[in-house]
Amino acid sequence: MKNKPILRFGLPKGSLQDATIEKMAKAGYNIQVSSRSYVPYVDDAELEIRLIRAQEISRYVEHGYLDCGITGYDWIQENGSKVHEVGEFLFSKATRQPARWVLAVPENSPIKSVRDLEGKRIATEVVNLTKKYLRKNKVKAEVEFSWGATEVKAHELVDAIVEITETGSSLRANKLRIVDTLLYSTPRLIANTKSWQDNWKRQKIETMALLLKGALDAEAKVGLKMNIAQKDLDALLHSLPALRNPTISSLSQKGWVAVETIIDEHVVRELIPQLKAAGAEGIIEYPLNKVVY
Amino acid sequence: MKNKPILRFGLPKGSLQDATIEKMAKAGYNIQVSSRSYVPYVDDAELEIRLIRAQEISRYVEHGYLDCGITGYDWIQENGSKVHEVGEFLFSKATRQPARWVLAVPENSPIKSVRDLEGKRIATEVVNLTKKYLRKNKVKAEVEFSWGATEVKAHELVDAIVEITETGSSLRANKLRIVDTLLYSTPRLIANTKSWQDNWKRQKIETMALLLKGALDAEAKVGLKMNIAQKDLDALLHSLPALRNPTISSLSQKGWVAVETIIDEHVVRELIPQLKAAGAEGIIEYPLNKVVY
Amino acid sequence: MKNKPILRFGLPKGSLQDATIEKMAKAGYNIQVSSRSYVPYVDDAELEIRLIRAQEISRYVEHGYLDCGITGYDWIQENGSKVHEVGEFLFSKATRQPARWVLAVPENSPIKSVRDLEGKRIATEVVNLTKKYLRKNKVKAEVEFSWGATEVKAHELVDAIVEITETGSSLRANKLRIVDTLLYSTPRLIANTKSWQDNWKRQKIETMALLLKGALDAEAKVGLKMNIAQKDLDALLHSLPALRNPTISSLSQKGWVAVETIIDEHVVRELIPQLKAAGAEGIIEYPLNKVVY
Amino acid sequence: MKNKPILRFGLPKGSLQDATIEKMAKAGYNIQVSSRSYVPYVDDAELEIRLIRAQEISRYVEHGYLDCGITGYDWIQENGSKVHEVGEFLFSKATRQPARWVLAVPENSPIKSVRDLEGKRIATEVVNLTKKYLRKNKVKAEVEFSWGATEVKAHELVDAIVEITETGSSLRANKLRIVDTLLYSTPRLIANTKSWQDNWKRQKIETMALLLKGALDAEAKVGLKMNIAQKDLDALLHSLPALRNPTISSLSQKGWVAVETIIDEHVVRELIPQLKAAGAEGIIEYPLNKVVY
Amino acid sequence: MKNKPILRFGLPKGSLQDATIEKMAKAGYNIQVSSRSYVPYVDDAELEIRLIRAQEISRYVEHGYLDCGITGYDWIQENGSKVHEVGEFLFSKATRQPARWVLAVPENSPIKSVRDLEGKRIATEVVNLTKKYLRKNKVKAEVEFSWGATEVKAHELVDAIVEITETGSSLRANKLRIVDTLLYSTPRLIANTKSWQDNWKRQKIETMALLLKGALDAEAKVGLKMNIAQKDLDALLHSLPALRNPTISSLSQKGWVAVETIIDEHVVRELIPQLKAAGAEGIIEYPLNKVVY
Amino acid sequence: MKNKPILRFGLPKGSLQDATIEKMAKAGYNIQVSSRSYVPYVDDAELEIRLIRAQEISRYVEHGYLDCGITGYDWIQENGSKVHEVGEFLFSKATRQPARWVLAVPENSPIKSVRDLEGKRIATEVVNLTKKYLRKNKVKAEVEFSWGATEVKAHELVDAIVEITETGSSLRANKLRIVDTLLYSTPRLIANTKSWQDNWKRQKIETMALLLKGALDAEAKVGLKMNIAQKDLDALLHSLPALRNPTISSLSQKGWVAVETIIDEHVVRELIPQLKAAGAEGIIEYPLNKVVY
C-alpha cells in the first residue's frame, strides 16, 4: 500500500501564534494546540502542523524539514533563506499597515541620519539586516545582537537601535525618535523549492494560499445591501465608484430596487452618510468569512 | 499650512471600557489601548481618544477639554453638566434593559417607601441625585458618599442605599429589597455646546452617532431568509406582521420565492416555529454588522 | 390569578458550561451566571435555569426536579436514567466528532483485547458502563471508581482504564494505547417523561430543541454566493452536487447570474478551487446564525 | 549489584497539594511538581512521590501500590481501607480545628435531628460514611453520590446534605443549618501493613513522621526571649505556668537574666501584656522551623 | 446569661487589605476572608472584623458603628473625623517612608509654587485637604474631585493635581514635577471615643496595638549573634554603638564570648563589614516575629 | 559640590529576575520594579539598578556601561567577556545543584558520544560554547542558533541539541538522552575591570558580595538548639561531627546544658533522629537570614 501524501506546514510560535491559528480556522483549517503534545491537531489528514518561532521557519523550509510555512518577510531576509514565496498577507485588521524595522535613537540624540552612525554601537534582533543596511549606506558601525527589551537600551547602553514597530506608539512611549526605515515586513506563505515542484504539494499549498487569502480579504471587507428608488439608482452608482459592480435586484415594492455589493470595511464609515444623502434606505452591513475573486 | 482639524473624544475608562471599544470597532473605528501610553491609538487621524472615568466625562465635555464623549445619563445628571445630547444607546444585548438607580433596604427593614427615610442615613455613589430625589419627596435624610461595596453597608452601617442595578440579582443575593427607582440610565453620546456649533465637528460627531447607532441596532437584529411556495406567501405575510417590508425574489424552482427581511433578534425564537407552520423552508438567520434606516 | 407556567431547565456545570451557554445564546436564550447567586439569569420569564454537573442531570430530570436538561448520552447510560430523549447535538465544531469512552492501556501492555482483562483492575469514572461492557464480553475484572487524572493511573496503579477522548491526543501524550471503544457520546436534550406529556411544556421544549438545533447546524454551515456566466451555470450545477438547490438570481450585467446556497463549512476548502475552475467569480462566504429546514 | 531501596509515597493532589508540599519542604523534603511529568522531583533519592487525589490514596496504600501516604481520616473511613496509621497532623494554622463532616439542611427546614431523615433523600460525597451513620441511628433514607457543589442542592434537589466544613461559614453563606456532626477528620500519615513490617521502610517512614510532626508543631509555636531583673524572676515564673521549663542565662548587666522558652503561638497575644506587667523587658518572639521533644 | 463582650474592628478593604491581614496575622490574629460572606473569620471570639474602604473607616468609627479601625492619617483628616488615635504604624518595609500627598504639575508647567495656583483648577481625591491647604496659603483655586487616574489628568484636563506618592517614581514616569507636600500619612489605629472609655474595650484595643506594634517593629529589626575573643570585646562594643545593650555569654572555647543583640535590619549591611573588621566570627542574622520593649 | 559616587549594577531580567530580587532583599537591598519605569527603585542611594537579560549582562559590564552585575558563568563564557569575577553563588535551594549545558539526542538516536556528531546539525542557544566544545573534540558539525523550544527540535529538525538543565526532568519528559556535559554554570557577581580598580566601587562591590553570600549561605543553613544532660554531652559531640564548634551554655536545671549550632539544612533530616537517640531533648530548628564566617 502506498503512503498517503503529507504536507508539513510550519506556523509561527509565540506572539503571532494565536492570530495565525485564528486565520487558519477562517480559511477552513481547524487547529488545536495541546500543552501535552508538540504536534498540534488539525482536521485535515493531509497536513502536519509544526509550531516554530517565526525567526526560524524560513531556515527549516529552506532545508526541507518543512514543505511550507508562514513567517515574516523580515526573517526570510535576515536568514537569507532561499525559498519560494507563494503569497503575501496582511494580518492586522486594526492598523492595516505592515510592520517595519526602523532605526531609532533617543529624542534628544544628535543622530539625525544614518550617516551619523559612523563609529557608533547599534543593538538589534536583526543583525544581518542592519549590517546590510549600513554597508549599503557605506557607514561603519558596531552591530550587537539584542535578546529583547531593545527599546530600553537606546537610552544608555547603545547609541541607536533597529527595532520593529507598527504604529510607532511604543517607540514614542520610550521617548525614541525614528531616523529611518530599513524594511517593511508582512507575513508570507513560503514553500521549499523542491516541494513546490511536486504537483500534489504545490496544488495543496496553492489551495491553502487561496483560502487564506480569501479569509484575510474577508476580514477587511463587508457586504453592504440597501434599497433605493429606481429613479435614484443611476445617480447613486455614478457618484459612488466605491460601489463597484453591484448586484441589482428588483423589489416587490414598485419602483424600488435592492443594491448589494462587497466593499472595504474601512470606507463604510465615510460611505454610509453619502448613501443616505443619495436616497438609500434600509442599509445593512453584514460580515463575510471569505472573499475570492 | 493650516492645521488638520481634530475631534477630541472621551470614552469611559473602567468597567464599560472594553464594551465601548468593541462597539466603536463595530461602528468602524478601531482603537488600541496600550499600557505604555495614555493616548490610545485610533485608525482615524481626525480623532483623538481619551479614556476617562464615566463619572467625569460629562464634566470635561462641559468644560471643553473634550469635544464629545460617551457616558451614562446618570452621571450627566449627577454632575448637572450642561452639554448637548446627541444620541442614546443601549449597550447590553443580553438584558435589553437600561440600568437603573434604586433605593434599597435590607429585606426585613421596616422602610417601605421613601417617606420612611425621614431622619435616616443613606449611602450612595450618586449623592446629588439622591438629595434631589429626597427634596422632591420632601423627605429630610442624611446622604453620605460611598466609595463602593455599597450593598454590604445597608446591613449595618446605614439605613438604606441608592445603588445601580440591571437585573436586580446582585441586590437579591445581598438580601436587599428595592423600595423605589430614582432614575433609568442609558449610555449617551454628548457634545460640548461650542463644538456642536462648529460645522466640521458637528458633522463628524453626527456621522459617528449614525454609525454607532447602526452598529448597536445591528446587535439586536438579524437577517432572516427563507423559501416559500408562491401560493403560501400572502398568508405568511398577512399573519406575521413582524416580517415588515420583506424583499421577495423568485427562485429557479417554479412556484417558489425567497423572502428576506431584517428583524429583532429576540423575536426569532417565537417566529421560527410560526414560519415553519406557515410552510416556510430552508430558513436561515444571519448576523449583521450595521443597520441604518 | 393563575400562576405563569415555568420550565425548569438543567445545563451542565463545569467544563461544558461555557460552551452550552454560548450555544443557548445562539439559539436565542441569553443566560448570565453570577458568582453571587446559584440561579442564573435568563431573558425568558418562562424558563428557570439550573447549573448541575453533567454527571447528575439525568438523575434530576428523571426524578422531576428538572423538566428537561442537556447532558451527555454517556451519563444518561451510566445512571440508567429513564428519561425522554428530545434531540441529539454535536457541540465541537473543530473536530466534528462525538466523544467516546475507550478502554486504554500503556503502549507496551500485553493487553490486546477485552478478553485479556480477566482478573485485572480497571479504573474509570463510568463504573456502571464498564461493568456492563465486561458482562457483555463475559470477562470478570475489578472496576474501581476514579476521581480524575485517570490516564496517569494506567501506568502503575491499575491494569487498564476506561476514559473519554475526542481526538485521542491526550491518550497518546500519556503513552496509552486504545484497545476498544465502549460508547460514543453526544450531548442530548432530555425531558422528564411527565413534563413531556404536559402540552405547554412539551411545546416549549420542542421549540428550544428546534432553535438549538438550528444554531448548532448553523455553526457547521456557511452561506456561499458567487457570480457566473449564464452559459457556465448548467455545467457548474451538474458537476458540483454539493450546491444543492441554490437560489439563482439574474444580475444587472447581461448574461451573468448570482448563485447562492448554504453548504457544510468543511467542504468549502475543497469546493472553492473547483468553483473557480468552473468559472465562478466574486465568490463570497458568509456566516450563519441559524439554519432550519 | 543490589537495588537501592525505594519508598513510594502518595501525596494528595488538588486542593491540599500546595499545603502538603509546603509542609514537606518544612520537614526537609523539597518537592518540585512539573507540568511535563507525572512524577514530581524530590531531593531524596530514596523517595518516589506520587500525587493522587486524597479520596483514593488509602485504597492504593492498602493495595501496596504505595508504601505510605498522607490523606484525610475521612477518606480512610469512607473507603474502609485497612492500613497502618503512623501519625496525625493538623495542617490549618489559621483555625486550629479539624475539618468535620456535618449533616446540614436549609435554615427553614423542618428537619431538626437525624430521626427526621426517615424516608428522605441525602446528597453527599461520602456515601459510605453517611449510610453507616444512618444505620447506627436506625434511620432509613436514600443516599446519593454528589459530584460537588453539594451545598446548592440542599435547597431544591434533596432534603439534606452531608458536607465537609471547617468554620461553618460556607454553610451559613448558603443559608444552611448544621443538624449533626458525623466525623471529625485530620490529615494522617498511613502505611501499607506489609511495608510497615519492612525494617528499612518503617524506619524511613518513622523519620519522615518525626520531621513532619516537628515542622507542623513548629508552625504553632514560637521562641520567646526576654530580659528580667533577677529579683522579679521567681514571681514571673510562678505566676506564668505557660513559661514551662525556660532556659535562664545571666546577662552582663548585673542583676539581670535572660529567659528563653518555646510556647504556643496563639497564647502569645495574651502572654505579652502579662510579661510586661511582671517586669519583663526587651521581649522578642522568633519563628521556628521544627520543634522535636 | 450576660452577653460576651465584642469589639468591632474595621480593616481597610482594597489595596491595603492583604498587607493589613498579613500584619494582623503577625500580631497573632488570623483572619480569613471568604468571597461568600461579608464577615471575615477571625480566630478570636471577642473580635468582629469588618472590611471597609480606608476612605470611610474613620467616619464609621466616629459614628460608633465600629469600635476601632486601621486607616490612614490622610483620610482621618480628609473626613475631619473626631476619633481617638491609639497608635501609629509604618507598613512599608521596603521604603521605610510614610506616604505623602503632594501638589504636582507637568514637568514643563510654569507653576513653581502654591502661589501660582491662583485661579487654576486642581484635581484630587482629597478635596477637603486640598481646600484647606489653599486657604492656609490664601490662594483661590477650583478643586474638583477625581475618581482616579489623576496623574494622567495633569497633562491636559487640569492645571495641577494633589496625589499620593511613596517614592515619587510613578509621578516621574508620568513626567510630573512635585511642587509641594501637603501631608505625610501613616496607618493609624483609631478608636471611637466612647468605646475608648469602656474599660474592657480599651484594654482589648491597647493589647492589639501593643502586639501590632511589636509585629511591625519586628519587620524592621533582626537578631544578630556573633562570637568574638574576650580581648576584642570592649573595642567592639565601644566602636559600635549600634550594638546597644547586647547579651554576652561565655563559650566553651576559652577566651571567647558570644554577643547577641537586636538591631535595625537596614543597618546590618553597613555593620557586618565593620564587625568582621573588629574580629567578630560566625556572625548570624535571624528573623524576628515580634519585638516588645 | 562634588557628585555622590554611584555604582551601576546589572541584574538579570526575565526568568531569574524574581529570584535575584528576593536574594538581594535578603542581603539587605530592597528593590522595587515598576511597570512604568525602566529604572527600578532601590533603598540605597549609592546604587543604580538596571535589569538586563542574563545573556547580555557580561557584555555591558565589559564595556563599562555597568560597574558590576550578576549573570551566569555560561553567558560570560559564551560572550567571551573580559570581566573580574568577584564571587560565585548557588541560587537554587531545592536542588542544590548548578545548572549544566548538556548535549542531548532523542532516546533512540544512534549518537552515543560527541564523535558521532561528525557532519551533523546541532541547535542551541549557546553557539560559541558549542563550537568550542566541538573544536576541542575535533568534530566538525553545523551549529545553528535556536530561539527557544530547543528540546522539541531534537526530534525532527536537527540531530542533536545543546540545552540547559538542572534535574534533567524536562529532557526526560521530551524523551531525550544526555550524551555529554559541556559546562556547569552558577550565578556570578562580576565587575568591570576598571571599576574594580576604583577604591570606593571595589569596597562597595565587596560588601555586596559579602552580604549576598551571607544571605545565600543562610538559605542552606539553619540554627539548631537542644538540651542534653551534661553526662551525655561528650558522647553526643564525639559521635556527631556535624555539630562543629557548638555554643554550650548551662541551664537552670542542674546537670543539663543547652547546645546550639549552625548546620546545613539538608542534613537535619538525618541528624534529628540521631540526636534523639543520643539523649537530646527539646530540639528546635530556627531559620537564619544571614551567615557570615
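A, B, C, D, E and F are the chain letters, set down in written order, and residue numbers restart from 1 in every chain.
Everything below uses one rule, namely that a residue touches a chain if its C-beta (ideal position, glycine included) is under 8 Å from a C-beta of that chain, and two chains touch if they have at least 3 such contacts.
Values in this document were obtained by computation on a predicted structure and should not be read as measured data.
Path length between chain A and chain C in the chain contact graph, taken as the least number of steps between touching chains: 1. Chains making contact with chain E as well as with chain F: D. Put simply, the chain farthest from chain E by mean CA position is C.
Looking at which positions face the partner, chain A and chain F present mostly the same ones, since more than half of the interface numbers are shared.
In summary, the interface at A-C recurs among the listed pairs B-E, A-F or E-F; the equivalent pair, sharing over half of its contacts by residue number, is E-F.
Taking the mean of the C-alpha atoms as each chain's centre, chain B and chain F sit 57 Å apart. Between chain C and chain D the centroid-to-centroid distance comes to 43 Å (mean Cα coordinates, whole Å). Chain geometry summary: the mean Cα position of chain B and that of chain C are 35 Å apart. Chain C and chain F have centres, each the mean of its CA atoms, that are 52 Å apart. The set of chain B residues touching two or more other chains comprises 249, 286-287. Chains that are in contact with each other form these pairs: A-B, A-C, A-F, B-C, B-E, C-D, D-E, D-F, E-F.
Contact residues on chain C toward chain A in their complex (touch as defined above): 93-96, 167, 169-170, 172-174, 222, 227, 249-253, 258, 265-266, 268-269, 272-273, 276, 281-287.
Chain contact summary for the complex, chain F toward chain A: residues 13, 38, 52-53, 55-56, 59-60, 65, 144, 146-149, 152, 155-157. Interface of chain E with chain D (complex): residues 27-30, 32, 34, 36-37, 39, 41, 43-44, 207, 210-211, 214, 218, 223, 245-249, 262, 286-293.
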